[in-house]
Amino acid sequence: MAAPHGTEDLRTRARHVIFEADTPAGKLFDVVLLVLIIGSVLLVMFESVRQLTEDYGDLLFRLELAVTVLFTIEYAIRIWSAEDRWAYARSFYGVIDLVSILPVYLSLLIPGATSFLMIRALRLLRIFRVFKMARWLGEANFLVTALRASARKISVFLLTVLLVNLIMGAVMYVVEGEASGFDSIFRGVYWSIVTMSTVGFGDITPQTPLGQVLAAALMIMGYSIIAVPTGIVSSEMAMQRRTVEHSGCPACGATDHRGDARHCYNCGVDLQLA
Amino acid sequence: MAAPHGTEDLRTRARHVIFEADTPAGKLFDVVLLVLIIGSVLLVMFESVRQLTEDYGDLLFRLELAVTVLFTIEYAIRIWSAEDRWAYARSFYGVIDLVSILPVYLSLLIPGATSFLMIRALRLLRIFRVFKMARWLGEANFLVTALRASARKISVFLLTVLLVNLIMGAVMYVVEGEASGFDSIFRGVYWSIVTMSTVGFGDITPQTPLGQVLAAALMIMGYSIIAVPTGIVSSEMAMQRRTVEHSGCPACGATDHRGDARHCYNCGVDLQLA
Amino acid sequence: MAAPHGTEDLRTRARHVIFEADTPAGKLFDVVLLVLIIGSVLLVMFESVRQLTEDYGDLLFRLELAVTVLFTIEYAIRIWSAEDRWAYARSFYGVIDLVSILPVYLSLLIPGATSFLMIRALRLLRIFRVFKMARWLGEANFLVTALRASARKISVFLLTVLLVNLIMGAVMYVVEGEASGFDSIFRGVYWSIVTMSTVGFGDITPQTPLGQVLAAALMIMGYSIIAVPTGIVSSEMAMQRRTVEHSGCPACGATDHRGDARHCYNCGVDLQLA
Amino acid sequence: MAAPHGTEDLRTRARHVIFEADTPAGKLFDVVLLVLIIGSVLLVMFESVRQLTEDYGDLLFRLELAVTVLFTIEYAIRIWSAEDRWAYARSFYGVIDLVSILPVYLSLLIPGATSFLMIRALRLLRIFRVFKMARWLGEANFLVTALRASARKISVFLLTVLLVNLIMGAVMYVVEGEASGFDSIFRGVYWSIVTMSTVGFGDITPQTPLGQVLAAALMIMGYSIIAVPTGIVSSEMAMQRRTVEHSGCPACGATDHRGDARHCYNCGVDLQLA
């Protein structure tokens, strides 16, 4: 904290602006970066429209280059100003930041390598930076905590659903056969997942009476079984809310106080003083 | 309140009938208006059926005119009797009331401007007046409050869903390509939303094995992730119900006590004695 | 209760067997009736299959006649043994019982009136008798009470959904036009309901980019808004469970006891004695 | 427990490894078996792909034989080491274990009996062994308990849904007729289930205005009625969680106390002092 001047001083300030969001400059940086990321994502999307690449291919390419240069500068500053450079470079966001600039340079070196579009699309992952912005952090944490707490229960549910779909897919393959489009068990399982999740594309549909009865049973099952993950998450969230808002009374041990309680509801002791 | 007679008296009475619903005349006015609005909405719908405009175009036009004249009179009385005329004219309902009569007059002035149908459809918004009727107010407030309280959590959820759809759309565009109808990332994102929300039109479906595996994963994700907004709203509503039902403290007026609280959480007074 | 003999005695006994289910004979009657009803429903369904009427039309007709005669006898006994004959005849089940036998006799009188099938299908409503059987009564009541308690909130929700679909249908009609199958606002509203409820037939799909963006918004809305009725019913049921299982302590007034509690959890008083 | 040596000793050790999972050897056996089961399931799936049987039929057949021999050895050891051999042989898993090896041997004896694939697919049921693994047991129990507790309520719900679909199917058959694909009441009921469960294949869709109005009503009903099973399971799980987390009474052993209980609800003992 003492006498930071010269480059060291600049580096610390850059770190605060780039890695944190609690100063006006940091917030501004985050917003500008977010706009740039969304812009770059839209660019990738526009480039995938054949009509647009034919008419504005040149313009899109220049914008692409401009965005890449800006991201490169940002990446360089991040590396330079990070407290632990290697830790940043290996972190999820560090890798994403690098991966989102490399393909453009590679496509310049290796002409005709337009297939880098696929990798360039990884740039989309940078959008998740938005969740590092302060205003979403609390809410995102709440959801992540609730989901993590119910992850095992949901896994058991999903595993059961997958097994049911495996068996149903095999049965439908045998019952319906190739005539109805069920030309392998894989296709049957795909159809079963499409049906049980109530998506119902309609690209493959059962034609035999028995197949339709089985399909109807699968649909009703999928329709009512959705209650299970919903129940898991609902009860988890209800519990988490209670937990977050209440702590035990230091005098009588009564728990489940309101979040803004000043006195214990049971013995009346002042919770702030106790 | 003293000596209101002449036009002033009439204006106050008109205001009570038109803007409030707690007198028999006010309730009657609301019901008549609601019937008229629904009728005018049906008119717009009928006019959109080619067969009907060909056979009964004249009749529909006259009914349209009649409804518009009635709405014009109503609008004039509202402006005249409103306590703060400018406030009403600028309010949501004031603008809607005006917008729902203008297009018909404009289509009389500018012949052939049938494209005003689009604006006339805005008249549909008048239907929301139904929520100003006393009997729905409490229930609507409950829902709005619960939704508003969970708005931020739901936003985080929807943002995540959108990001997943963005990435999935790009991946499917690369995996499936134009042959299966995924002819741009935009189309891929559209398909991804259609699939994850379990709508599943079936106008675009994956044809390659890898595409179908990814689609199956997306469906199962969409199927189980619906638990998240449901859990948020469920736990919010459960909390709100508890809150609504517990009464205020007789000493300090603090509300939202626990059902079995003996002392006020705010001032510590004994609730049983007070 | 004293000296019931002759027809009066028989009538009372018939009433107990037919209208109640707490005696062995009553239960047996209910089961036999249920089997007959399901059989008669299957008959109507079989008669709707062209192949079967061609091959087994005669057999089906005879079975139909046999079932009708049995139902007629049952109806006659019900009328004869009912405590208040007129009350039974006008009740929901009384009307259904009559309506389910009339069409067959009418089709005998008026030859060629096969269109009575439609009315005969009303016989399906007799199936609801199953809910009068004792074992389902408690559960059915729980569900009905929970739904009735949340009926107004759900009405507000459904009304909002309908208004959104009305507006969305009109907008899609203007945006997409006849080329994509949106050939009237009615069709647009139908499509909007199909989409928002996540059914997604795919018989009408948006073709223009703007239409697809709007459709995507509608889907995501439908996908997250399902949380609202679910939240309403969940919190209602949670409350109902608590209410059903707990009553206040007569000594200290503490509420929320376990359903099988014998002592107050707060003051320890014996709840059975108090 | 005394002096177990020779084959008896080996049998006990084999039993521990095969039937239990709390030793390192037992865990290893479970993992190896699981990999083998998944492999054998994939084999059945691959064999259903025509292209693969044509190109690699021989290889698939040999792998199939190898897996079958391994499963046969496993089955033999299970029979040999089981505490009660007959009890194992008749148990769910015992039957599945046998059924999953028999078809291959039968297809060797009776050439051309490829239709045994259907029975071989039953091998998929072995996958459920995964739930016997310790780590999932608790979670699976939680879900099963919650579902079992709400089974009757969900049955009533499903019965109502089925009745509604029966009636709706008959009505749609009469309203739409064969022209739209509703060529029997069975088909109508199938369509009704497809629609109400929000699957919406789109293979059969209503064409008449009245049919579309009825379909819209059915969809909105299906869309809001999903709240019912969800609410049942949610409130059941919330209750179960509370139950699971509260500890037993030190005096009488009664469990399921309220979180803030001071006295046992059963014997009235002071929980804080005890």
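Worth a mention:
Should a chain be cited, it is by its letter among A, B, C and D, assigned in written order, with residues numbered from 1 in that chain.
The criterion applied here is as follows: a contact is a pair of C-beta atoms (placed from the backbone, for glycine too) under 8 Å apart; a residue touches a chain by one contact, two chains touch by 3 or more.
Values in this document were obtained by computation on a predicted structure and should not be read as measured data.
Any chain touching chain B that also touches chain C appears here: A, D.
In this structure chain A contacts its sequence twin chain B using mostly different residue numbers, the overlap staying below half. More C-beta pairs in contact connect the chains of C-D than those of the other pair, out of A-C and C-D.
Set against the Cα centre of chain A, the chain with the most distant centre is C.
Between chain A and chain C the centroid-to-centroid distance comes to 41 Å (mean Cα coordinates, whole Å). If each chain is reduced to the centroid of its CA atoms, chain C and chain D end up 29 Å from each other. Residues of chain C in contact with at least two other chains: 157, 186, 189, 198-202, 222, 226, 230, 232, 234, 238, 256, 266. Across the complex, chain D is touched by residues 41, 44-45, 48-50, 117-118, 121, 124-125, 127-128, 130-131, 136, 139-140, 142-143, 146-147, 154, 157-158, 161-162, 186, 189-190, 193-194, 196-203, 222, 226, 229-230, 232-234, 236-238, 241, 256-258, 260-270 of chain C. Of all residues in chain B, only 152-153, 155-157, 159, 163, 166-167, 170-171, 173-174, 183-186, 188-189, 195, 198-202, 205, 209, 212, 215-216, 219-220, 222-224, 226-228, 230-232, 234-235, 238-239, 256-258, 260-270 touch chain A in the complex they form.
Contacts from chain C toward chain A in the complex involve residues 198-202, 230, 234.
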